[in-house]
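We call the chains A, B, C, D and E, going by the order they appear; numbering starts again at 1 in every chain.
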Amino acid sequence: MFDKVFPPKEIILPNGKIIMEKRSRTPLTVLIVIVSTYLSVKFTGFEFLVLLQSGDKFFDIVVAMIPPKWEYLPNIWKPLMDTIKMSLLGSVIGSLVAVPAAYLAASNIVESKMVVMIARFVLSVLRTMPTLVTALIATFIFGLGTLAGTVAIFLFTLSYVGKLLYEQIENASMNAFEAMESIGMNRIQAFRYAIFPQVLPNFLSTSMFCFEGNVRYAAILGYVGAGGIGLLLDEGLGWRDYASVGMVLLMLAITVFFIETISEHFRKKLI
Amino acid sequence: MIEFIDVDKTYGKGVKALQNVNLKIDKGEFVAVIGLSGAGKSTLIRCINRMHDITSGSLVVDGIEVGHLRGKEIRKFRRRIGMIFQSFNLVTRATVLKNVLVSFVPELPLWRKLTGIFSKELKLKALTALDQVGILDKAYVRVDQLSGGQQQRVALARTLAQNPYIMLADEPIASLDPVTSQQVMDDFKRINQQMDLSVIMNIHHVEVALEYADRIIGVREGQIVYDGPSQEVTDDILDYIYKGGKEDVTTEAYEEGAYV
Amino acid sequence: MIEFIDVDKTYGKGVKALQNVNLKIDKGEFVAVIGLSGAGKSTLIRCINRMHDITSGSLVVDGIEVGHLRGKEIRKFRRRIGMIFQSFNLVTRATVLKNVLVSFVPELPLWRKLTGIFSKELKLKALTALDQVGILDKAYVRVDQLSGGQQQRVALARTLAQNPYIMLADEPIASLDPVTSQQVMDDFKRINQQMDLSVIMNIHHVEVALEYADRIIGVREGQIVYDGPSQEVTDDILDYIYKGGKEDVTTEAYEEGAYV
Amino acid sequence: MNVIEKQLYAAPRNKTYLFVITGMIVALFLWSLTAVNIENMEESGWSIAQSILTGIVTPDLDLLINFTKQGVLYLLVETIAIAFLGTIIGAILAIPLAFLSASNVVPKPLAYLTRLLLIGIRTVPSLVYGLMFIRVTGPGPFAGVLTIGLISVGMLAKLFVDAIEDLDTSIFESMTSIGCTTFEKIRFGIVPQLFAIFLSVIIYRFDMNLREASILGLVAAGGIGAPLIFAMNAYRWNEVGSILIGLVVLILIVELYSNYTRNKLVRG
Amino acid sequence: ESEEGNTDGSTENEAEASETENESSASEEESNKAIDELSISFVPSREPDEITTATEPLKELLKEEMANLGYDIGNVEISVGTSYEAVGEALSAGTTDIGFIPGGTYVLYDDGAEVLLTSTRAGLTNDSDNAKDWNDNKPTEASDEQVTYYRALMIAGPSEKGQELAEKVNSGEELTFEDIDSASWAVMSTSSPAGYIYPALWLKDNFDKTITDLSNKVKVDSYGSAFARLAQKDIDVMVTYADARRDNADTWQSDFNREGTIWDETNVIGVTSGIYNDTISVSKNSEIMDEDLKTAIQQAFLNIAETEEGKEVISIYNHEGYQKASDADYDKEREAQEMVQSLN
């Protein structure tokens, strides 16, 4: 298509040979990006001037959070633990379920194109749903509270880990798989012994990464009544009590930092 | 005993990988298959354990018509045929021992299959196989820490643990340096002689093939153009196998090759 | 002309990679360096264009004492010495042409360095180099879509575009299959003969070395243990280079090898 | 056999380690189970699920195929614009931060500090950023753009760092042998490598940002989120259906395209 | 011309307002002041999707009225969110000009917001402090009177626990905190007066407890969803404004599929003291805001509330009319909040 509009240029070598140079797509891409940016700016009412003039107002709330309200700490523990539990449970179950899902979605393992297509479509659709929306729907079905949050996190983890996992499975070397088949294993066994060990470290690290993300995400699930520390955040914001919000965020940051450090430790060990 | 009778193999859109192959390999033979890239060597070998299906003709291994096997039967059939690959095809992240143990998996009860926990007996069997190829001391090392030659030996041990009666090898030394190649080939020879199992090997290194194999099969464009004892292979014949040679050489070599 | 005079090279904590090396290589020679892993082959080659500094002795390339070069001079000196690596060392995410064009980078004006826009003249030069190694038609393909042999040819073209008078190659065919190896070696030979540039190559494939090189240098434990025309290399000499051989062979071979 | 048995017993003993780790994980898992109180589960859950499903399969077509400012199409375009601009802003900010936190580029302490800063940025939920930016820009999509920009920074920088840390430096060797200076090595050795990966990461993030942008409506920061949440709260499942269908189709299209482009970028 | 206000101090304001108004209308012919954009933010408290569409007419109405009052408004920008905090912050930072916010929110953000008007609406046939009276005199209907305050109700739903609590109240028994605590509650955001603050005050007055002491409480983001959950027996008790049941009577049976009417199936178990109605506040920190503009806006909304078309638009917020308000009107609200916050 592109080459029809902009026909390739001929280059003639000194020795008379001819080679066709395809036109670079970069100018067109750059143009498209610039135009899209311009349109987006128009559409969203983005004004750089406003940012320059009153950008400092962003820090009004940040400043109000400092120093955080230390007395608020005792109120934080339980919801914080709830948040961690929610994300842990959702992440663990989600990651486990992601394994068979990814198996079904890997075109190099499963021979039926139909199955692969369906599995991928389901994973994709799950991924398109914003977690907050899933959580809200979950509260309607599972009632308000942490269960709904857990379900939302579970679904997100399933779709996210599932997708990355099947991509890794497809990129895994099929050499060992072939050897396993030559030993007389069926595809599931060959997958278990040849592919799974290859993707395991990556799978664990993706799952841990997802868990970290989920802790962060679980923090706002409280907004839709899905339990956890989000309730406190919401309350703090509602009362304009930014010092408490600051405390909540601080605790959350510390938690995330710990989880990140621990999971980093294990990830390094794995690879 | 392996017998190819008028075997043809065509890939997807009419790529004729094997044409009219007739071949008989006895127990305990050491056969080297040589030929250009794309000649059909791998295809030939892979048809034997049904990694590929043949298109027409008949292929009989130990009295079993391979083409008639179905599902579970194929897997059972493959259990007794060892296969070695150019790129070793090991699970690099697992230990040597685990790689060898894998060959027992098809016979395990389900819970062991899932957990990957092996009995002591099997471990001993696997270690014995490792001992046979001389890398017992590396049993608990991760495969990716081994050199190429050592990795190929692990693959060999894995195949031995299967207790096969036929050993198929697809360019097992292609990615090894000369010294290591020699060690691995020595292993093959020893196994072939001590255990009296047939070895059928694709190989690019003609000199090595001539040195180790009893019998040479030359493949060109999917057809067997030479088949005879390795002692009888001359430079002319090699020329014929690899380049098609001149017309006169062709007939001469063909006659020689058709003695089976 | 390259001349090593009593060159020693010691890495960090006393690893003696080269010891007392004396060597003279003339313009237009095709020299193959063989020896075991860790013998010091790479070190030998890399000293020539100052990728490594020598510890003592003197190394003169085309009348220039390499050890005395500083900063900009080194870079200028390297411009005329091509180097080829085992792992090709290409920017895999860029096109073939872009990879070749890189060899002109040091001579570009600043704005071209920044924008990465090359003049037509340079493009023609680069394309000509690609033509010389026979992959002109791949000029606009991304390198990661090429086979290993093709990638090595891109590296070759990149080096040719530098218009070097010496070509250093560190195991250029180690990761290639035999057929591609042969093509790449043919390229080297052709370039060596047509352009009259010296080729110094580390290589593990002895047969290939004997076939293509005019002269063989055997390295063992940092010392040159053989140096002579490839026609004269016998199995005994190889044995001596690779294994140290028996005492009697040693002296014999050494005498033979010491004729330079 | 003796040697072999000896080797059998020489198996490295990491069993205790494995047991402890497994035990810890199981314990953590059980502990996290206590967060779930099934009593909250509603008997009516099933019927609700049914009405949600029927609503989604019988979407409000008027709302879906409606070209006014309240129509799904307009809102989707607004969502795309927010995500697009936000991604660009995020990417621009993330590049310097990524280099500052790559331990193979800058000194360790600086890298560590930048990492802490990034964790801080990542921890604040988007809805809080939304509030902060409303003070700067007022309610509306502009605030949404800035929010998306800021939350993208954290994730983008993290993925950029990974790319920077596993740069293929073997190219350096050959560029040294050509006689290139450090600057030239960076320009022609690193930039082409990183460019493709960064671009692919950015496209991936755009994909994610579309999802994020669809919830900003909660704080009046534009996009399709507000009508979606309103419709859900009002139990108008067919309106929810039409919005969700629009959103899902849009994101699927973008995802397909982004997968295709990323594959091209990364694998060539 | 404007309706009679009963609120103390309002006469004064009014006098001032009409003065400025006369001035501005006098200068109207000569030149109207031009304002590019006037932005209004609000949080819908009812079926919100209607609101985005139904507020379109407000733009034109406001432009017209403002033109008469001496201001040419280029564009009226209306933004809708789901959180009061967003509107509050925008008012406080001056990034939105006008906000429709509840008294509670106004008090929180009065550093940057200034109240202009309090909405009025029809009073109800029930205005008792006693929950039982509300249950005896069902259904609650609108009265002819316009009032500036409303009450919040604790409403028990059709769930078992809800019924149990209702019976207790109707039989004249006093509820204990144990009764209250054993039920599951739905509350709104903490700055919502009817949905949080006044119920908290009620708990404080009656049991010396607060909402944070309730063991089973969930936060909902609209009364609509609270009713839905009540209907599903997902929750036992919800807190809401007094005529919320009238607003949800139809949906109760249609959308939520309940057999009985909302009046039969729900009962009041608690009534709070009066809550001042929603405000129309302007930002003190907005660049375009000055005293003249404030009075013009005040007058414009008062005028809009007089027209038929205008009444229809503002009815979406349950507003029926407006009275001028002063900051002091919300002192009580401040006390309430201080108390609730100190309980936290």
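The rule is simple: contacts are C-beta pairs under 8 Å (C-beta built on N, C-alpha and C of every residue); 3 or more make two chains touch, one makes a residue touch a chain.
The chain lineup, named per UniProt: A, D = Phosphonate ABC transporter, permease protein PhnE; B, C = Phosphonate ABC transporter ATP-binding protein.
Only a predicted model underlies this, so the values are computations on that prediction, with no experimental measurement involved.
The minimum number of touch steps linking subunit B to subunit E comes to 2.
Between subunit C and subunit D, the least number of touch steps comes to 1.
Superposing the C-alpha atoms of subunit B onto subunit C requires a rotation of 175 degrees, rounded to the nearest 5.
Simply put, of D-E and B-D, more C-beta pairs touch at D-E. Taking each chain's centre as the mean of its C-alpha atoms, subunit A lies 45 Å from subunit B. Distance between subunit A and subunit D, defined via averaged C-alpha coordinates, is recorded as 4 Å. Rounded to a whole number, the gap between the C-alpha centres of subunit A and subunit E is 39 angstrom. Separating the centre of subunit A from that of subunit C, both taken as means of CA atoms, is a distance of 47 Å. Contact of a single residue of subunit C with at least two other chains is seen at no position. With touch defined as above, residues shared between interfaces to two or more other chains in subunit D number as follows: 42, 48, 127, 131, 135-137, 140, 218, 229, 232.
Within subunit E, residues 83, 85, 89, 93, 95, 220-221, 234 each touch two or more of the remaining chains. In summary, the structure contains touching chain pairs A-B, A-C, A-D, A-E, B-C, B-D, C-D, D-E. Residues 42-44, 47-48, 70, 127, 130-131, 134-140, 217-221, 226-227, 229-236, 239 of subunit D are the ones touching subunit E in the complex. Contacts from subunit D toward subunit A in the complex involve residues 28-29, 31-38, 40-42, 45-46, 48-49, 52, 77-78, 80-82, 84-85, 88, 116, 119-120, 122-128, 131-133, 135-137, 140-142, 144-146, 211-212, 214-215, 218, 222, 225, 228-229, 232, 244, 247-248, 251-252, 255. Within the complex, the subunit B residues that touch subunit C are 36-37, 174, 177-179, 204-205, 207.
By the touch criterion given at the top, residues 168, 170-171, 173-181, 183-184, 187-189, 192-193, 195-196, 265, 267-268 of subunit D touch subunit C in their complex.
Subunit C contributes residues 49, 51, 74-79, 81-83, 85, 87, 89-94, 98, 102-103, 105-106, 113-114, 116, 142-145, 155, 158, 162, 168 to its touches with subunit D in the complex.
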